[in-house]
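The next part holds the structures, each set out as structure tokens.
Okay, so subunit A shows up in both of these, paired with subunit B first and subunit C after.
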Partner chain A sequence: MEVTFKDVSLSYDGTREILHHLNFTIPEGTLVSILGPSGCGKSTTLMLISGLLAPTKGQIFFGDQDVTKQDALARKVGMVFQNYALYPHLTVLENIMFPLKMAKVKKEERREKALKLAKLVHVDDQLDKKPGALSGGQQQRVAIARALAKEPSLLLLDEPLSNLDARLRIEMRQEIRRIQQETGVTTIFVTHDQDEALHISDHIMVLNLGDIQQFSSAETLYDNPSNLFVAKFIGEPVINTLPITAFGHDLDGAVPAAILAKTQTVGIRPEALQDHPIDTGTLAQITTQVKAFEKYGREKNALVDYNGNELLSTEIQGRLENHQDLTLYLQKSGFYLFDEAGQRIFGGEQDVE
Partner chain B sequence: MLNEKPTLKSTGKALLYLLPMLVITIIFNIYPILKSFIMSFYTKYDFFKDIVQQWGWSNFTYIFHDPDFLLAVKNTLIFVVGVVPLTVIISLVVALLLNKIKWLSGLFRTVYFLPFVTSTVAIAQVWHWIYNSDYGLLNYFLGLFGVSPIAWLESPKYAMLALIIMSIWKSLGFNIVLFLVGLNNINERYYQAAEIDGANAWHQFTNVTVPLLSPITFLVSVNGVIGSFKVFDQIFALFNGTPGPSKSALTIVYYLYQKFYTEWKYGIAAASGVVLFFMILLVTLIQMWYSKKHVHY
Partner chain C sequence: MKVKVAMVLRYVILVLGAIIMLMPFLWMVSTSLKTQPETVKIPPIWIPKQLQWANYVEAFKAAPFARYFLNSVLVTTITTAGQLFTSILAAFAFSRLNFYGKNIIFVIFLGTMMVPGEMLIIPNFVTLSKFHMIDTYWALIVPWLASFFTVFTLKQNFQSVPDQLYYAAKIDGASDWHFLWHVLVPISKSTITAVTVLQVIGSWNAFMWPLIVTNTENLRTLPVGLQAFTTDAGTNYALLMAASTFVILPMVILYIFLQKYIIAGISKTGLKG
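Here is the complex of A and B:
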């Protein structure tokens, strides 16, 4: 089911606004991640979609139906809560069967379906336990099975993998992706782990302080961050940022003067700093001093000082000594300029004026 | 440590902590219970010299052939059955309503708590007025619906009902407060999950509220059963020191009181106490057994 927010704002207490004028459309059948730091309003956005919370302002549509006034009972979405919210008095099997019981599915059918789902999320050896006797990860998986039980047309997952170990996490995220693609259920997946978001989703919505920063594919997010927040938030290792003043006249000629005049911050991805020139793509060169040089297997990293700013480069070919001078070549891809408001004004594909 | 096994030393230490309380309990609870058990077998006894001349079962044979005692047992059972379920249901309903209107619940909590902290005698005095057949409040209201005046406290037919109504009212406050605490302790997220899972208000009540409240319900009903089996002061106060018109509100403890204080038949009084003890024990055990299956901690 397609989900559309039109100018949705939310305030819990009527004074402090948590979400500000959200506008977005989640296309039917896609898997969309909502990514953002803690407290930015991810869970709140999910609650709004589920109908557990009503927006203070704005409208919510499922397809072309306005569901703003409908409660959770009427919206019929599936949801995995951040804190699982498994019924403590029911066994694992009963928990998974509960939505089916509410939908008046026959007893044998309920059981059969629940067993299948339990197997799918690997809790079929825990069926008679109460949630209190499960580990966090097991509870999470039971919650996923419960959400899937009623075959919703919209599935909301609030950090459903946060308590799993690395291996299980990757396995479960592939499983979620597989189930999603198999059933075509529109899925909204909240996470604060960018790696998870990049791997699982068709589109990623980056949220910060209740505002959508950017809503696009993972690739676009990395290659064309629309602002400084997204540039810093996406990418591992983190993008190098430094004030434009550090460059002196190093960028003269490489970037139009009009743009340079508006620039406040420069962002350079670590792979856009190379110790060897490339004919095409090199934008400018800077002279730095090596502070630290590390070699891990095939990978060589250098931490350098550039006019008092620390920069990280992951594209080193030569062997370096500490304190030696080093000329680095700035590559055009991975080099961005941001204005006072943090908006990108240079770099990436479509330059924003 | 959570999984520490008790050792001789740790048990001894715990006992030492408990000692002061233990001494008090033994003197004022355990000893009297044992003494009354023993006393129920005194068949000839000089109270003033504390000499037992004869032992036997005759106290028990006596009470089981005493129509008054059998009436007392019957009345007690009627009282328990009349008071406990209604108390549980009414206090749960009131607590649910109060829980919906948060700003009122503080005020009402105090209002409902008043009966609990007011003396039974004062309460009975008020109910005397309410039950008054000529100008009582209750008959006035019933009159509005065309019911002719009822002699609540004078008619053997209505005396037990009057007693039950007052007792329910008296115990509501405390139980409502208990239920309110219980309701407050149910995390909102279970209701959210249930709503997502398609449970309407009624299903949320039966599938979330009732099971998660069951420890409190259990506490309230066990407490209510025990308290109701021991009913005495309400009767004494409501019927001015009599067991109601033509013994219509004679209960086991009232019987015991009569035998002990007005007839000085200590053995018989003790025997009726022992019977009451086992009745309460039996019902409580049944409740415990039931709770194993239906109470979720």
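Here is the complex of A and C:
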């Protein structure tokens, strides 16, 4: 099911607006992540899609149909909540069967379907337990099975993996991806973990303070961040940022003067700082002092000081001594300039979204 | 050593408390087995010379207790069930639904809890007489079909259930009605049991109201029936206590069986009965 938001705003109390004029389309059959820091409005956005909340302003469409006025009962989506929200008085099997019972599915069929789903999420050995007797991960999987039970055309997941251990989390996210691809169900996956979003989704919507920062593929987010927030939020290790004033005349000639004049902040990805020049990609060079040099296996990192700013480089080839001078070559890919409002005005591909 | 002393002291206090609470019951049972002269003997005696089991037979025959018993069961069952039903619905509305004037209505209802029950006797009597309900079963039942204390207790409990569970039920296709009876009520089992038992005991023991609104022998409930032992010639304490014993026996049994729920339910809401 294609989901479209047209100028949707939301305020819980009528005074403070939580979401501001959201406009987006989630294409049918894709898996989209909503990524953003805590409190930015991710859960609220999901509640709007599910119909549990009505927008203060704007319209919501499923396909061509305006569902703004429909409640959750009518929209028929599947949803996994941040804290599972399993029915504590029902067993695992009964929990999974609950939506089927509501849909008046026959008893034997209900059971059969629920068993199949329990197997899919690996809780088929826990069927008679109550949720209170399950681990966090098991509860989460039961919640996923319950959400899938009525074969929804839209599956909403609110940080479904946040309580799993690292190994299970990776396993489950592949599992979710597999289920999504097998069933073709349009899936919206909320997370504050960029790694999770990058691995699982076709498209990522980055949200901050109730505004969409960027909505694109993982690759585009990384290569062409549309603003400083996205550049800082996506990427591990985090992008180096420093004020343009630190550069003095180092960028003269490399960047048009008109753009330099508007620039406030410079962002350089750690892999775009190299200790060796490359003919095609090098934009400029800077002189720095090594503060710390680290070598982990194949990887060599250097923490350097550049006119009072700390920069991290992950592209060191030579051996370095602390306090030595080091010339670093800025690579064009991974070098961005942002204006006063934080918008990208240089670097990456121009005019991307 | 210090810990041990504190421990002993704590148990001594608890045992003393228990004895004080049990004293009236023990006295009741003891008196019910005495002869008439023994009941007024000074100094009082705790264990009668000869246990007068016959008092029970005589007490039961002294008035139509079978009929009273039937009335008590009927009135208690209907008022408790009715009150529970209305209270569950009201508590759901106050805890989950948004409607115009919700807070004001709630505050007004809360205010009614401050009014002592005795003050309501006269207005209730007047109202019921206007409806010609005095001296019928209606009079015994209708005023007790709603209780804000129960509404309040249940509302507190319903509110402690996370919103997400309500949302999950919505998503799963459950109506408010279904969510209430198939999710919220089973989850709140212990509190509901507690308020039910409190109501049953209150209803079973009610004396003043049934006495005032009934004249007909056939409508009397057990506590009112106990008056049979007080006549112009004085009170027959032995028979009265024997009858009292069998009147409260069902409540004692009920309490013993359900005390686990009652204590859990009451401590959960932070309210006393």
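The working rule: the second predicted complex is superposed on the first by the 350 of 353 C-alpha atoms of A that agree within 3 Å, B and C clash if a C-alpha of one lies under 4 Å from a C-alpha of the other, contacts with A are read in each partner's own complex, and residues count from 1 in each chain.
The rule we apply is simple: a contact is a pair of C-beta atoms (placed from the backbone, for glycine too) under 8 Å apart; a residue touches a chain by one contact, two chains touch by 3 or more.
It should be emphasised that the depicted structure is a prediction, and the values quoted were computed from it without experimental measurement.
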{"item": "Overlay on subunit A: subunit C relative to subunit B, clash or fit", "value": "clash"}
{"item": "First, second, both or neither for A:S201, with subunit B first and subunit C second", "value": "neither"}
{"item": "First, second, both or neither for A:R146, with subunit B first and subunit C second", "value": "both"}
{"item": "First, second, both or neither for A:S50, with subunit B first and subunit C second", "value": "both"}
{"item": "First, second, both or neither for A:A85, with subunit B first and subunit C second", "value": "both"}
{"item": "Partner chain(s) touched by A:D71 [first = subunit B, second = subunit C, both, neither]", "value": "both"}
{"item": "Partner chain in contact with A:P99 - subunit B first, subunit C second, else both or neither", "value": "both"}
{"item": "Which superposed partner A:Q138 touches (first subunit B, second subunit C, both, neither)", "value": "neither"}
{"item": "Overlapping contact positions on subunit A, where the subunit C interface meets the subunit B interface", "value": "50, 52, 71-73, 76-79, 81, 83, 85-89, 98-99, 102-103, 146-147, 150"}
{"item": "Residue ranges of subunit A touching subunit B (in the complex, touch as defined)", "value": "50, 52, 71-73, 76-79, 81, 83, 85-89, 98-99, 102-103, 146-147, 150"}
{"item": "Footprint of subunit A on subunit C - complex, ascending", "value": "162, 164-165, 167-175, 178, 183, 186-187, 189"}
{"item": "Subunit A - residues contacting subunit C, complex", "value": "47, 50, 52, 71-73, 76-79, 81-83, 85-89, 98-99, 102-103, 146-147, 150"}
{"item": "Subunit A-touching residues of subunit B, taken from the complex the two chains share", "value": "187, 189-190, 192-200, 203, 207-208, 211-212, 296"}
